[in-house]
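Comments concern the structure below.
Chain nomenclature is as follows: A, B, C and D, assigned in order of appearance, with residue numbering initiated at 1 for each chain independently.
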Amino acid sequence: MGKVGKLVAAALVLVFIASFAAGCSSPKKDPIKIGIVAPLSGGAAMVGDTQVKGVALAIKQINAAGGIHGREVIYIAEDDEQIPAKSVSAVNKLVYNDKVDAVIGTVNSSATLANMEVTRKAGVPQITPISSNPKITKLGNEWIFRLQASDEHQARAIVDYAVNELKIKKPAVIYQSDDYGTGGKDVIVDRLKELNVNPVAVEAFAPDAQDMTGQLLKIKNAGADGLFMWTMYAQAALIARQARQIGLDVQLMGGGGLTNPKLVELAGDAAYGLLNTQTFFPDKEGASPEAAAFIDAYEKEYGMLPDSNAAMSYDSMMILAKAMEAAGPSLDKKKVRDAIAATRDYRGVTGVITIDEYGDANRDILIIRVKVGGGYEVVWPKR
Amino acid sequence: MFVQQVIQGLAIGSVYGLMALGYALMWQAWAVLDFARGEAAMIGAFSILVFHSFFKIPFVAAFPLAIATSAILGYVIQWLAYRPLIGGIPINRLIATLGMGILLRNLARVIYGADPYPFPTVFGDKPVSIGNVLVVPQNVWITAIGFALVVLLRLFLTRTYTGKAMRAAAQDRETAALMGIRVKQSMALTFVLATCLGAIAGLLVAPVYFVRADMGLSIGLRGFASAVLGGLDSVTGAMIGGLLLGVTENLAAGYISSGYQAAIAFSIMILILIFRPQGIMGRRL
Amino acid sequence: MKNLYRKYRTVALLLLAYAVPVLTRDPYVLHLANMACIFAILTLSLNILTGFTGQFSVGHAAFYGIGAYTSSLLAVKAGAPVWLGFLAAPVVAAVFGILLGLPTLRLRGFYLGVVTLGFGEIMYQVFVNWISLTNGPKGLTGVPAPRIGSIVLDTYGSYYFLSITLLVLTIVVAYRLLYSRVGRALLAIRENETAAEAMGINSTYYKVMAFCVSAALAGMAGALYAHEIMFVSPESFVNAESVSILSMMVVGGIGSIPGSVVGAITLTLVPEYLRSFGDLRLVVYGLAIVLMVIYSPQGIGGWITRVDQYLSGTAIRKPVRGGVERGAA
Amino acid sequence: MALLETQGLSISFGGVHAVQGVDLQVEKGEIFTIIGPNGAGKTTFFNLVTGYYKANSGRVIFKGDDITHLAPYHRTKKGIGRSFQVLMLFRDMTVLDNAMVGLHCRLKSNLAGALLRTSATVREEAEGREKVRQLLHFVGLDGKEHEMAKNLSYGQQKRLDIARALATDPEILLLDEPAAGLNTQDLASLTDMIQRIRDRGITVLLIEHKMDLVMSISDRIMVLNFGKKIAEGTPDEVRQNEAVIEAYLGKEE
């Protein structure tokens, strides 16, 4: 080992130790700690990133307004790399090491399904902003809540709109083969069957796929007149562009994962006219006062427009804060949990929210359309 | 539909082929499978993004700048993580490349964020119809540039002194050194060359698949598979392996099952390797 | 002193290993201890294949996944007792190991590597797409905790005793295998297959056996994982996990049994430890791996052997090293 | 009946006839040497006998059984041992383990025995080690048991190669240029060792270039040139054979 190498190695070891010690030292005052678990690296990092941003913005506003019971709120964000086992590690760390008062996260349903066992055992309230697997709230775990309108509601809404309003007869479905995409696909296919419409093609693609033309050609060949896609915005942008390249010119439709200002930036004019379900209306023009204020504040804070995940995360934190206020200064976790469960008609940025008996947030679903040149408009419910 | 599927497969396959060229080159010079190959593409793509989109330098000027940047970064990377392992245990080199890949990928994420960036097309992405098939100009360019690079690379490796020295150094370091070849420089040069190839792949695909920190992961893996499929000691094989994988993937999605797309492609690859263990164009072991 | 060390080192290590749940009650630490055991078993299993036999594999997570799904499906869908799952997981994984081992008749080095990589991809897609069996990407919930009599191993602490016991079992298997006629045959194949055949070793048979044993142990690790997390989904068995296992083996030291264990513990804990680096966590992790292989090419196993030799005052014969040092890579 | 017999053994590589129609009969207990110029096909012939190459035509018969299509390891089991021209030791294993590998096909313990460490396995291992120690003593490697093979001197490595081959308990031992690269002292002990091997009742089939050695210990000699047998007989007969002198001895300075 060279001299330089030894020095570097020694320095690294010192840095490890120093940083660890720094992490352990406790602050003077006793703030309320919110743990965030999210994929901050890997393929879903972009979603994890806005999740943290949304919560952080809410916390900033809460602190500016005097905190909760006069106490400051801080957050600790941990990366789970979207791997269930690592998610469990991260939540364990938040719950037992950092002793957080509540957990917000994570993105991927499979990771949430794994890590919610930890908060259940420890008795710590947890809100997942966007994990969409219906099972999460159906396993009898009283400590987990979800803000995202479930896939069931979203997918049904878009299918009904497509069949009833757009008169689509030969729809096709393309979905990413993970829990989010598969979950949405299942509901779409079932709902289409209920409406006596047969999908002409149902195609999957891997979450890291970049070329979907094989699937799209098959869809084109099947004579589809509408395409449901259940995926995130980056892949949706690829699909929109590749569909155009192979001459597949049909109505594109999807779920909440598509709502992101980046979509139009990436897909360009291929994204114009795209329809998707949402509870958060991302365009200041025509948004509710709450949403408009949020979009403003978010843009000011981060220099970018929020996506729906940021909005869900923001609302998650706000509902959590309300519940903590209601639960009294002791912040008894059970009381906080019950207070979250008792949320009724909360006017959040993602709509008017009521938590149902399972812990799901119920509210009206909008169908929004990307306008030519960018921006959104609501097409359903009709105004 | 079949012809169209094949054409689309050739388009993505060219990208795999371009990546595979880098693997083949690295194999020939360093006798290592370089798991950070995909990150060369990422570096290339981000370089052109920074010069062209952020600094607004015209593409013609930004292109060489991006290649030069990648070359310099490539040199630094090999100096940091690859050169110290020359003559060491090969699998350690492999793990070093894995570590380097993790490092570069996450560094890019820290600097540029996890979101993808769009990149304007240079060659045109409006499809042109020929007969009843649609062809996208930029895909044709990618394939053409891929083959041009194969020819250039072959000429370079077999006709120039530097190229021959590179191969000699790869085959037998000690003898090459005795013959007066500066082995370490030669290997560094190959690395830089391989990085440039990766960078070219990266900036060619930037308009098609966007620019993002982990873009190298998926095309890197498939580039690796293509290189092995084609035969690691053949640059022509690398390109052919890439095209074959691309077409197989597309046909699998179009005719068999999109859910099992990668599984079908890899099964066919395994079958080919069982019958031709040295890869399609590789020399017998 | 040295005699004392030689006599009691194993016992002391065992006591220490079993005392972890007594020394700490922090569930976070205990969960990590469980994960470290699981990955140590995986790393050892890979070492038997790559370190001992010289067969390169980049698809080990597939066996891990096969074990995890076998055991969970038996418990969740068939309602079988958990322990049956623990028995079935290695058996099913071993069958797949034999299937994958057969191409080794013709393939070497990285060409074999790419086949194992492909196998990993294929198995992952099977987990994702065979929804009627695996429940696809949504994952299998409700994987039960094992129980011994009336004690349910549903806390990290109690589960740890199972994890560490299986790890100890794996270590014993690895050592016994290594210092036996079979183990020598594996090493001989790694060292020089031509010469091994000349010694009357049926290299095909032993290579397939190495795949089989390695897969069985990885399958067992899978079952251990499934019942700890109590949830199984395909993301846990992607190729990136195979690559992690490979890194653990190399950082620990190819061919070194204690190295495998320490390598797995290190690379399980380091990313957790690095959490305080925030955003730069994985950058530092990547850097750490690069530095490890540059400055400690023999892996941690090399240090351990040296320290052990110093403490026990012997230059013991135990240099089982080499692995894919030559040829394969 | 001859111990080892080949009938019309032939193989060609890309049109070059490396071994062509070679008939050979090695009797039990003799030292039989194959000589010939470089590239005459001697090692190729060994590889055919041991099964590393598949013959294009012809047969290999050992103890009356046709073994032409058996795999190499199977032939070892039947009693054909070999050493290598280019050393192929298990470099990162100890001397003792190298020789123990040689014992492989004479031991029985299997995977289950190894994992359960049955008493039969333990006993077998101990007996095996004892046997191997004797062999190491036989070739003069006492006290080197725990050295790594790669750390031995060249001469010692050559001896280990022979010890390892002896451990397979062969009836016939094929030695491929055992004297190559040895110094005078090692050479003398090698000559002695080959004779002692024969005294143990093992037939020796030798490839060798060192003529003094060949002429002094061989019972019979076969001469190969361009893959064909050009002469066979006792050392004296071969020495006087016109064809041999022309093809081989004449050219050898």
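One rule holds for everything that comes next: a residue touches a chain if its C-beta (ideal position, glycine included) is under 8 Å from a C-beta of that chain, and two chains touch if they have at least 3 such contacts.
Here the structure is a predicted model, which means the values were calculated and not measured.
Engineer: Once you count every C-beta pair in contact for both, which comes out on top, B-C or A-B?
Structural biologist: B-C
Engineer: Please indicate which chain is farthest from subunit B, where distance is taken between mean Cα coordinates of the chains.
Structural biologist: It is D.
Engineer: Going by C-alpha centres, which chain is most central here?
Structural biologist: C
Engineer: Roughly how far is subunit A from subunit B, going centre to centre by Cα mean, in whole Å?
Structural biologist: It comes to 34 Å between the two C-alpha centres.
Engineer: Return the distance between the CA-based centres of subunit C and subunit D, expressed in whole Å.
Structural biologist: 41
Engineer: How many Å are there between the centre of subunit B and the centre of subunit D, using C-alpha atoms for each centre?
Structural biologist: Chain centroid spacing, subunit B to subunit D, equals 48 Å.
Engineer: Scan subunit C for residues touching two or more other chains and write them down.
Structural biologist: 128-129, 279, 281-282, 287-288, 294, 325, in rising order.
Engineer: Residues of subunit A that touch two or more other chains: which are they?
Structural biologist: 40-41, 177, 204
Engineer: Touching two or more other chains, which residues of subunit D qualify?
Structural biologist: none
Engineer: Which pairs of chains touch one another in this structure?
Structural biologist: Touching chain pairs, listed by label, come out as A-B, A-C, B-C, C-D.
Engineer: What residues of subunit C sit close enough to touch subunit D in their complex?
Structural biologist: It comes out as residues 173, 176-177, 180-185, 187-188, 191-192, 194-203, 209, 213, 317, 319-322, 325.
Engineer: Show which residues of subunit C lie in contact with subunit A when the two form their complex.
Structural biologist: For subunit C paired with subunit A, touching residues are 26-29, 31-32, 35, 128-129, 131, 136-139, 141-142, 155, 225, 229-231, 233-236, 241, 271-279, 281-282, 287-288, 291, 294-296.
Engineer: Where on subunit D is subunit C touching in the complex?
Structural biologist: Touch list, subunit D to subunit C: 50, 52, 71-74, 76-77, 81-82, 84, 88-94, 96-97, 100-105, 107, 109-111, 113-115, 117, 121, 124-125, 128, 146, 148, 164-165, 167-168.
Engineer: Going by the contact rule set out above, which residues of subunit A touch subunit B in the complex?
Structural biologist: Residues 40-43, 45-46, 48-49, 177, 203-206, 208-215, 217-218, 220-221, 234, 237-238, 241, 244-247, 262, 265-266, 268 of subunit A touch subunit B in their complex.
Engineer: Applying the document's contact rule, which stretches of subunit A touch subunit C when the two form their complex?
Structural biologist: Contacts found on subunit A: 1-2, 5-6, 8-9, 12, 16, 19-20, 22-23, 40-41, 77-79, 82-86, 88-90, 92-93, 95-97, 108-111, 113-114, 117-118, 121-122, 133, 135, 139, 177-179, 181-183, 204.
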